[in-house]
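Each chain gets a letter, A, B, C, D, E and F, in the order it is written, and its residues are counted from 1.
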Amino acid sequence: MIDLGKYAGTVLAAYGVSAVLLIGLIWQSVAANARARRALEKQEENG
Amino acid sequence: MSIWEYANPVKFMRSSGAILPWVVAGAAVCTIGGVLWGFLTPQDYKQGATVKIVFLHVPAAMMAINIWVMMLVTSLIWLIRRHHVSALAAKAAAPIGAVMTLIALMTGAIWGQPMWGSWWEWDPRLTSFLILFLFYIGYIALWAAVEDPDSAADLTGVLCLVGSVFALLSRYAVLFWNQGLHQGASLSVAPGERMSAVYRYPLYLSMLGFLLLFLALVLIRTRTEIRKRRLVALQAREARA
Amino acid sequence: MLALLKRDLVLATRAGGGFGLAVAFFLILCALVPFGVGPQTEALRPIAPGILWVGALLSCLLSLDRIFALDHEDGSLDLLATAPLPLEGVVAIKALAHWLTTSLPLIVAAPVFGLLLHLPGNAVPWLVVSLFIGTPALSVLGAFGAAITVGLRRGGLLLSLLVLPLYIPTLIFGTEIVRRGAQDADPVTPILFLGGISAAVVALVPFAAAAALRVNLR
Amino acid sequence: MLALLKRDLVLATRAGGGFGLAVAFFLILCALVPFGVGPQTEALRPIAPGILWVGALLSCLLSLDRIFALDHEDGSLDLLATAPLPLEGVVAIKALAHWLTTSLPLIVAAPVFGLLLHLPGNAVPWLVVSLFIGTPALSVLGAFGAAITVGLRRGGLLLSLLVLPLYIPTLIFGTEIVRRGAQDADPVTPILFLGGISAAVVALVPFAAAAALRVNLR
Amino acid sequence: MTLLSVTDLAVARGGMRVVEGVSFSLHPGAALILRGPNGIGKTSLLRTLAGLQPAVSGSIEHDEDAIAYAAHADGLKPALTAAENLRFWADVFGGFPIEAALEAMELTALADRPAGALSAGQKRRLGLARLLVTGRPVWMLDEPTVSLDAQSVERFARVIGQHLEAGGAAILATHIDLGLTGADVLDLTPFRARPGQGARPAGFNEAFA
Amino acid sequence: MTLLSVTDLAVARGGMRVVEGVSFSLHPGAALILRGPNGIGKTSLLRTLAGLQPAVSGSIEHDEDAIAYAAHADGLKPALTAAENLRFWADVFGGFPIEAALEAMELTALADRPAGALSAGQKRRLGLARLLVTGRPVWMLDEPTVSLDAQSVERFARVIGQHLEAGGAAILATHIDLGLTGADVLDLTPFRARPGQGARPAGFNEAFA
């Protein structure tokens, strides 16, 4: 494990917050895309 | 074939579908690579381990501004050339820009705690970013509030135009209001102020990664918007019939 | 009753429902004040509790103006009034839905915005506590104001004018809690007062609001 | 054009027009702040310019939300758009009418409310000057926001969200004038900036507002 | 047994009585059609019967929870789907199943569509489907067929017919002929209120006239 | 001389074309009555002709300042008197006298009454009186007779007749027979837009369908 010195909490917090935000955004984008694709497919099937 | 034809929704779906896997792969490699590499860089003699935050903070800050510029351009394309996909791309980009701004703000705030001894200072740069965040929120809220898509595209386009002018104006007003603590652009080529190569190359890589990540996300989100619009359009046609 | 609560929550979170607008407005208010007052920590710290409370109060207020107006316009209010729900219950549920969708996010966001205004760290829990106790009264009083102005075309400003004076006791005790908390003084007395006000308002004001609605429906 | 100005002024002053509501709201805001911040002169004096400006800004904003909405609802806006008036002119005139009926009373009342907040006497003329120069920009920017949100059902809060960030430069230079005035420093630079912003906004933003109105009319 | 009986009713609108001296009663299986020119007071009468506004004088007798009212506006939320809208009202009125109601108004195919994306006629049908999930015997309908095409009007008439057969009753204010056999017609024109009469003023406008 | 000529016009509403291929021209003294079922696009067509919304394709030619438009809503301010309302529009359109217009719609006695205290039909008459003070030759009327009683309809038809005699023209969307002799009728039903045609999409809903 690399040594982060006395600022370990700060650095980890920064990386953690960024990871949460980015992964949240990616997850939301992908999920919304899948939802839209399913809804559209259903609509196009029905006519 | 002119570049404008890419704005045709069907063509856009086809070509974006083709390049998307490559962009996603590139984004994953560069972002994860850049950020990891940055995380593993040695400590700075002055700032200690906190320099590692720069590999998130600076790319996010850069993208936060670039995305707004991209939205301005696509809004103008919509307002002038009426390319529907371009309007939807602006809509799709806004939440990404807002998250980037938020990352820059939050990593900055976390960084400020050890460096300046407080979470937040009304430094001009920080303040300008807060204002940019407000503009993003207003833009997103307007898209959400207007039901008719044509009106929504037009109104948000006008808002983006006016907002850009005022975002710039606010930046100068804020500079007048308070001289700050934040360091200047250390990526500038002014000799002597440059970052050492240990930090510079991972920073470049993660900036590229954030750019690709943005591209991948805009493509995905624009495709989502197109599908949603198509669904609504088909339903509207049925309801009319 | 539960159906109504569920519907209002769903409506608020769907597109166009305005979920989050109040928090955004709160953020803007908190950002504007330093532009007016100046960026120095010494200037901001003492006024932070007051600004946060006034900001929460205004965001709460401005998100209230359409609480009944939309239902009035699309006819739901007429139908609800003829449904087997007491109108008092409808008011209470709508105020609860408003509290959940507006005040709760405000309470969560308030500590973060407190940072912007350099609120001392030891005051933060008291800010949350005071908002938690006080905001139900704000929602219910706001619902009362909204019920009075439901049919009016220039409701917004008039509503503020009617409701803000009613908010004064809540504001006084709310900020007092935070101020005492910041000075490590004993905040129990204002907490008791604030709790009493909130309880009384939540228990009694829905009846007045329902009466006002009945008048506006006929 | 003059006919439109006259009509808007008459409408504002007739019953139900809401003349004076903005000043009343301003008064309530100025009265709320001491409740939130504490009544000590030392606490109030430094923040007085900022609070007065933020209060003026909010009162101005909240009275704006219906500037086009009422005309939209009763069909006047359609008819005005087909009348031999340029829509840009309509926007400008309506902003002017709003300024005359709302901002002007605010400017007159501001010194009095300054007393409530212990604004230093030597700052009072600068307060009036800064409001006088700055409020036209507020009215026109508000008209822009109102034009964008004219057809929406939850306009109020959204309008604030769109417009308040645009108000930031005005606010900064406005309070800077008052602050420098209070310290007997030279307020010419911010006055020039504020004047420039106001002039540019009044000259250009009506075009953007008219474009937004046209979109909302179709 | 009567579901609703009205005696010597006077109804006000805008502070003045519009109709007065109205009496009728409604048995299970009966339908009453209100007629009269614009502005005579049909809407006001229905609102009074539904309990939305107080009667000026006279009496209205019915069981508690007997009346389902359908106004000009349908009370639909554009952001909710057709099924969600209907389920909400079903829950409010005690959990009746919505499938049959959707079926009856031929909305099953549209159940998952947001109400805002329905055409005017489809919205109206959804508004009327609400009546079926209230489970209440007396329906009060204010111009129920506005913006319905001929086919939907017919279907709606059939739905009313079934409701009447099942022992319900209905009062309708309408200008068109629904083809309800055996419905009574009440023309309100002879009941137009005359100013200066009546012991109790209906509001400021009458008290000071 | 033609006052208005329309060629191959396509009109959209809600992001989709509703009617297309409409052509006609209007000479002084001519009246054109638009017919068609609900929702066919009469209102949208009139709004396009009045310049409130852009045409999808086709051309509309008329002199600047030729058109006076009267919509469903009358644009009256309840707080102003009838005369004040009318004078405002007269001033906007260039200062025509209002007395004749009040006279023609039989509103002289009500001139000093606030518009909010007028009945629906009186409001409508005031809205129509506005046309007389615009001084414009081409009147576009969207269901002008809504909430007018038979007598007022007749008077209004006379006013239109005089306008035509004086060299004006009128387009009316209406469901009832006004008794205008010599008026052309244009039924919009055959012009209903077919989806999937037209080079340029009218809006999002067409571009993505």
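Note that in this section a residue touches a chain if its C-beta (ideal position, glycine included) is under 8 Å from a C-beta of that chain, and two chains touch if they have at least 3 such contacts.
The shown structure was predicted, so the numbers you read here are calculated from the model rather than taken from an experiment.
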Tell me, which chains sit next to both chain A and chain D?
-> B
Quickly list, by label, the chains bordering both chain C and chain E.
-> B
Based on the averaged CA atom positions, which chain is farthest from chain C?
-> F
Pick the pair with more C-beta contacts: B-C or D-F?
-> D-F
Chain of greatest Cα-centre distance to chain A = F
Please compute the C-alpha centroid of chain B, do the same for chain D, then give the distance between them in whole Å.
-> 32
Determine the centre-to-centre distance between chain B and chain E, using the mean Cα coordinates as centres, and give it in whole Å.
-> 54
CA centroids of chain A and chain E: separation to the nearest Å works out as 51
Of all residues in chain B, the ones touching two or more other chains | 131, 134, 137-138, 141, 145, 147, 177, 230, 232, 234-236, 240
What positions in chain F touch 2 or more of the other chains?
-> none
Residues of chain A that touch two or more other chains: which are they?
-> none
Listed by label, touching pairs are A-B, B-C, B-D, B-E, B-F, C-D, C-E, D-F, E-F
Taking the complex as given, what residues does chain D use to touch chain F?
-> 2-4, 6-7, 10-11, 14-17, 71, 73-76, 78-85, 217-218
Under the touch definition given earlier, write down the residues of chain F that touch chain E in their complex.
-> 38-39, 119-120, 147, 149
Residues of chain D touching chain B in their complex?
-> 144, 148-149, 151-152, 154, 158, 161-162, 164-166, 168-169, 172-173, 176, 190, 193, 197, 205, 208, 211-212, 215-216, 218
Complex interface listing, chain A residues touching chain B = 2-8, 10-11, 13-15, 17-18, 21-22, 24-26, 29-30, 32-33, 36-37, 39-40, 43-44, 47
The residues of chain E that touch chain C in their complex are 47, 50-54, 65, 67-77, 79-80, 84, 87-89, 91-94, 130
